[in-house]
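Next up: the structures, one after another.
Paired with chain B in one complex and with chain C in the other, chain A is shared by the two complexes that follow.
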Partner chain A sequence: MLYATPFLAVALTAAAGTIVFGLMGYDGPRAVRDIFVAPLAHPDRWPELLVKAGPLALIATGLSVGFRANVWNIGAEGQYIAGAIAGTGVALATWGLSGAWILPAMCLAGMLGGMAWAAVPAFLRTRFGVSEILTSLMLTYVAVQLLFLLVRGPWKDPEGFNFPQTRMFTPDQTLPAISEGSLIHLGIPIALLVACIAWLLLARTVAGYEVKVVGLAPAAARHGGFSERRTIWLTLLGAGGLAGLAGIFEAAGPFGQLTPQFPGGYGYTAIIVAFLGRLHPVGIILAALVLAVTHVGGELAQTGVGLPQAATGMFQAMLLFFLLATDVLIRFRPVLARPARARAAA
Partner chain B sequence: MTPSAPPRLELSGIAKAFPGVVANDNVSLTVAPGEIHALLGENGAGKSTLVKILYGVQAADEGEIRIDGRPVVIASPKAARALGIGMVFQHFSLFDALTVIENIALGLDEAVDRAELARRVDAILRAYSLPLDLDRAVHTLSVGERQRIEIVRCLLVKPRLLIMDEPTSVLTPQEAERLFAMLRQLAQEGCSILYISHKLAEIKALCSRATILRAGRVVATCDPRAESTRRMAELMIGTELREVARGGRAAPSGPVRLQVRRLSLPRGGPFSVPLREVSFEVRAGEVFGIAGVAGNGQSELLLALSGERLAPEAAMIRLDGRPVGRERAGMRRRAGLCAVPEERNGHAAVPDLSLSDNAILTARHRVPLTANGFLRFGASRSFARKVIERFGVKAVGPAAAARSLSGGNLQKYVVGREILQLPEVLVVSQPTWGVDAGAGAAIHRAILDLAESGSAIVVISQDLDELLALSDRLAVLNEGQLSRPIATADARADEIGLLMGGVHGEHARARGASRA
Partner chain C sequence: MSTALLVSFAMTVAMASTPILLASLGELVAEKAGVLNLGVEGMMLIGAVTGFAAAALTGSAYLGLLAAMLGGLLTSLIFAALTLGLSANQVATGLALTIFGVGASALIGAPFVGRTIERLGPLLPQALAGHPVLRVLFGYDLLVYLALGLTAVVAWWLRYTRPGLVLRAVGESDTSAHAIGYPVLAVRTGAVAFGGVLAGLAGAYFSLELTPMWADRLTAGRGWIALALVVFASWRPARLLAGAYLFGAVMTFELHAKAAGFALLPPEILAMLPYLATILVLTLISVRPGRVSTAAPACLGKAFSPA
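The block that comes next holds the complex of A and B.
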């Protein structure tokens, strides 16, 4: 039953979307068809789906490990941006140089950037008991402002006609496509590989076991000699590192530079992906594809039925809402009860 | 029983099967008005299922229930209460932060005016001379006092049949005596009582009839006052009992393996008790008992010894002379100190994981269940299988989820898991809590064998008989302070009981009196 709810949630989202957009005066059934079906019906759109699904899967894999341990990192978007910034820093510093070492160095810097951004909530949580939900989320806005500052100030392209953007990366600083002329860059297979490796680590290592136990039964984890502190650091740094990697993949892939349009919400959407994929790496890959479909489909619906851009976000939010709601309703039975008078009188 | 008075309760042909297990098979029993009827049986014999059917928590597959001669259908606990059936569960459902009267009000099916409720509760407390302060928060109460809240909840609906599930497992001897007096008074007034317990001695003292269940069937009905304890235990288990022989051992004179010196620990939370300068030593081959009513620092002491809470100074706890007070649970296990906490679900074991995964939780330091950071599933499966076989755990196998086991079976598993690691020092809390006589004897045997092999053992228990049977010396933990240890051979049960309940019980009585 637990594996049926994601499908149920998708169906409910489609139904609710039809009704809502119908009531708003759009062509409801067509809007839903554009968002959920059209991207799949056009094979020329498929590479685009993979390009969108890659970063989602990468970020969601990192998040899911933390969620299993009840570490609620909501700020993957910030870690994603921080990773892109750090990787871009290396790119700008090596601009004009050449060599095969540059791209790996950028990726490494991206991971470290994401980890550094995630280290702040980890430190605050383990040292002062501050909720990582708030700190990680707030740091996202800091990352966005930092990005704006850099592309408008020190990192502005000197030959960019004063547009707020960095230089374009050189070929040595850009992720190669997997085949000539393809949209799909090297980051996509790497993202899938990372998701598989994460599954292996989670299922077969002591550290994966630790994460699982800390999430399921914290007291038993302490009894077993696991440290909650260590788990918090481990999961936040892991999630930050993967989000940072996704960030530099995106900057060195489809973007090829940093612009103020860079933050696209992948870090938030990945939260939905993680839950829709049942926090399981294989599920996450599938869920990333589903969310990529809504992303691409949202654009189609904008031109096709004239839906506003916010419609995509609304569909994704409905998906998470229905998923969580069906999960709750499958586990618990609601009972309508009259409130007792004695309690009211107290 | 005269023809004019039908039995208060008559079960005939009750059957209930779960996938893979028959919990009850053609169970019939009758309880007369005013009778105290014992329901005896091992873990998994079907007692809990039977009373759950009776209290409307589960539905029987077959069979008939008659109350006062009328056939009834009990669809829910609420329906059971409406029929005059009350039940006091082994585990209480109380809100720690609320007061006694608030807890009682929350448990009622109908809203009752608070002042009126307080009057009715007061009348009940007076009628059965139960001391209980209605305005105190539950977390400040002893277990015995908490149980009284549950009993009062039942008595408010004027029950005709009261079901008690192992009520004395957490009480001091004095508190148990008080409970028995109350139950006898209730029975005299015509209320029937169905009494579930493992303690044969108290069944002999209290009950006039007993129904013995084994593997879901009724194997005997007897008068416990006329039957020997040994005979009843054998009926229950189906084989002859093996005595746990403790006597005839010389006082252990081996080296000190565990030394605790002036261990103080501040409160861990709002409802916890601070430890105050606890000191004791346990030698190789010795079993050291720690008696006391729950909530006097037992859980805190276990956490401090296991390494889940660190001592302020390393030298406060020494293992074979080495200071380990600042080391965490994993390091202490590797050094030879294993522990079994009282709470099985969520502390000793992860309910959602399989038994073999639960083996990894605490055995990976001493048994090669991991290699280079990777889990060795085959090794943990075979270790789990060994525990299951050695300790007679009833489970489908190592792949069974911990949550699928009955309480007593999981207890056997978690105790067995530590004992099979052959620790140099074993600290075990409530080793036979909720475990039947046969399995309890097996656990005791294993603990004594471990001691015999040169390990030092600390048993923290509220069951005085258990401590007297197992330990060489024992001390009482009361409000975070440990008494001077006494040799078990010189100890008298009532003396220790007074020490255990002593201060706590006096407080309760004084408060009760000041209220009256």
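The block that comes next holds the complex of A and C.
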């Protein structure tokens, strides 16, 4: 059941989507087909799927470790933006220089930026007991404004006709494509690799064990001498670092600069990815692909049946609703009525 | 400062505070019953869009308010069905509700972007509010008074009535309340629904009065500030009122500073202020150890399944 319910949730979402979009006056079946199936049916769209799935998997991997420990960092979007800002800072400071060291320096700065942003909720939670849920989210709004401030002010491209955006990064500051002319940049394989490493750390190290115990049985963890404080710092800094890395990958990859359009909601979507992937790295990679499909599919449905862009967000939230709803099947064994109805609906 | 400017400042504070007060009052009741609904922002957005759509279609802002209450109610019932019916994780479900609200409201609102409506407007006849000083007292729309009145009613109801006591019991110890025979899940569903109705109204206040129009993400994170305010108020309605008006003042300051072309701080910094202030305030009230943790309802956020 643990691994069956995500598939059930996807099926239920497709069914409910057909009905809801139909009721709203769109071509329901076609809309759902566009969102869920069409991106997979077009091989020329596959690289785009990977480009979208990479940052989602990276951020969700970090979040999932925290969620396992009951650390509710919901401000990954802010950490993602902070990472992009810090990395871009290095890029602008090294403008005109060249060398292979620049890109790694940017990535390091990105990670540190994300970690710094996540360190605030970690500090406030461990020092004063302030809920990390609210502080991490508030900081997202602050990060967005900071981005606006920078691209409209000190970081505005002096040759950019007064548009609010930074200079384009130089080739030395841009993630290379994995092959000539490909959409897929080096950040994507790195993101997948990092997800696998995170799984190893969680499954095979004492720190990983600690995180799991603190989440599952806080009392036992305290009795065993595991530090809740350390777990909070570890999970928040880890998640912040990965979100920051995803941010600078996105800035130095598809964007190639910072613009006010940079915050695209990956940090929020990654929360859905983490849950759909069962907080497990392999599941998260699959879930990131599913969410990437709905993202690309949402664009197809926009041109195909005129569904507004926002429908994608609603669709993705429905996915999480159905996942949380079907989770009841894991904790309870239903007798007769409920599973029969659930199957009929799917 | 001239009288006119003072009056305008005071009135803007009251109006900026009203949606936060409404939303946080609803959330306070839900949390007092032991349910942490992080979907306030989503319910507010649904309320804002259904209210605006109904007002645009019928031409009546008051019918818009009704629609907003209904929209908020239905959205909160999704949350109740998942967390109370199927005992899903409350934090995750609340987040999903907000993501859902952002998407669904933009989808419903798409045909209404750019349309204008008749705003709610002052409740009392012009004669009462002719003088600027009287206007500070009598010049508001229905919701400003409703929010203040409801705060008093909720404070009294929670403290002095039997159903209020039952609600608090359910939030403090679900198993004991269940053992005595109180319907824990029914009480919680009612509390969540009340929160949904108020969040719907709070959202509609943006689209029907403050900025009478529809735009995506119209409520701009105020739902999260409402959530923080409940913690700030240590789950006490009177403090909620003070906190909401304090935040209203901070936001009005931002607005006036922007309008006056306040040169010292860039507008982006001013826009950060409410969020930074929230973090600061949450920290300050937590400095004395044990304060927040003892004030919070003991069963907040925990699933309960009667068996």
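Simple rule for what comes next: the second predicted complex is superposed on the first by the 329 of 346 C-alpha atoms of A that agree within 3 Å, B and C clash if a C-alpha of one lies under 4 Å from a C-alpha of the other, contacts with A are read in each partner's own complex, and residues count from 1 in each chain.
Note that in this section contacts are C-beta pairs under 8 Å (C-beta built on N, C-alpha and C of every residue); 3 or more make two chains touch, one makes a residue touch a chain.
Please read these numbers as outputs of a predicted model, since none were measured by experiment.
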Touched partner set for A:Gly224, first chain B, second chain C, both or neither: first
Partner contacting more residues of chain A (chain B vs chain C): C
Which of chain B and chain C A:Ser98 touches, first, second, both or neither: neither
Partner chain in contact with A:Val130 - chain B first, chain C second, else both or neither: second
Chain B versus chain C as contact partner of A:Ser182, first or second or both or neither: neither
Contact residues common to both interfaces of chain A (with chain B and with chain C): none
Chain B residues touching chain A - in the complex, by the definition given at the top: 102, 105-106, 108, 110-114, 117, 306-308, 328-331, 333, 339, 341, 343, 346-353, 357, 360-362, 364-365, 370, 373-375
Residue ranges of chain C touching chain A (in the complex, touch as defined): 38, 78, 81-82, 86-89, 91-93, 95-97, 99-100, 102-107, 110, 216, 221, 224, 227-228, 231, 266, 268-269, 271-272, 275-276, 278-279, 282-283, 286-287, 289, 292-293
Of chain A, residues touching chain B in the complex: 204-207, 209, 212-213, 216-217, 219-220, 222-227, 340-343, 345-346
Touch list for chain A against partner chain C, complex: 24, 72, 74, 120, 124, 128-131, 133-135, 137-139, 141-142, 145-146, 148-149, 152-153, 268, 271-272, 275, 308-318, 320-321, 324-325, 327-328, 331
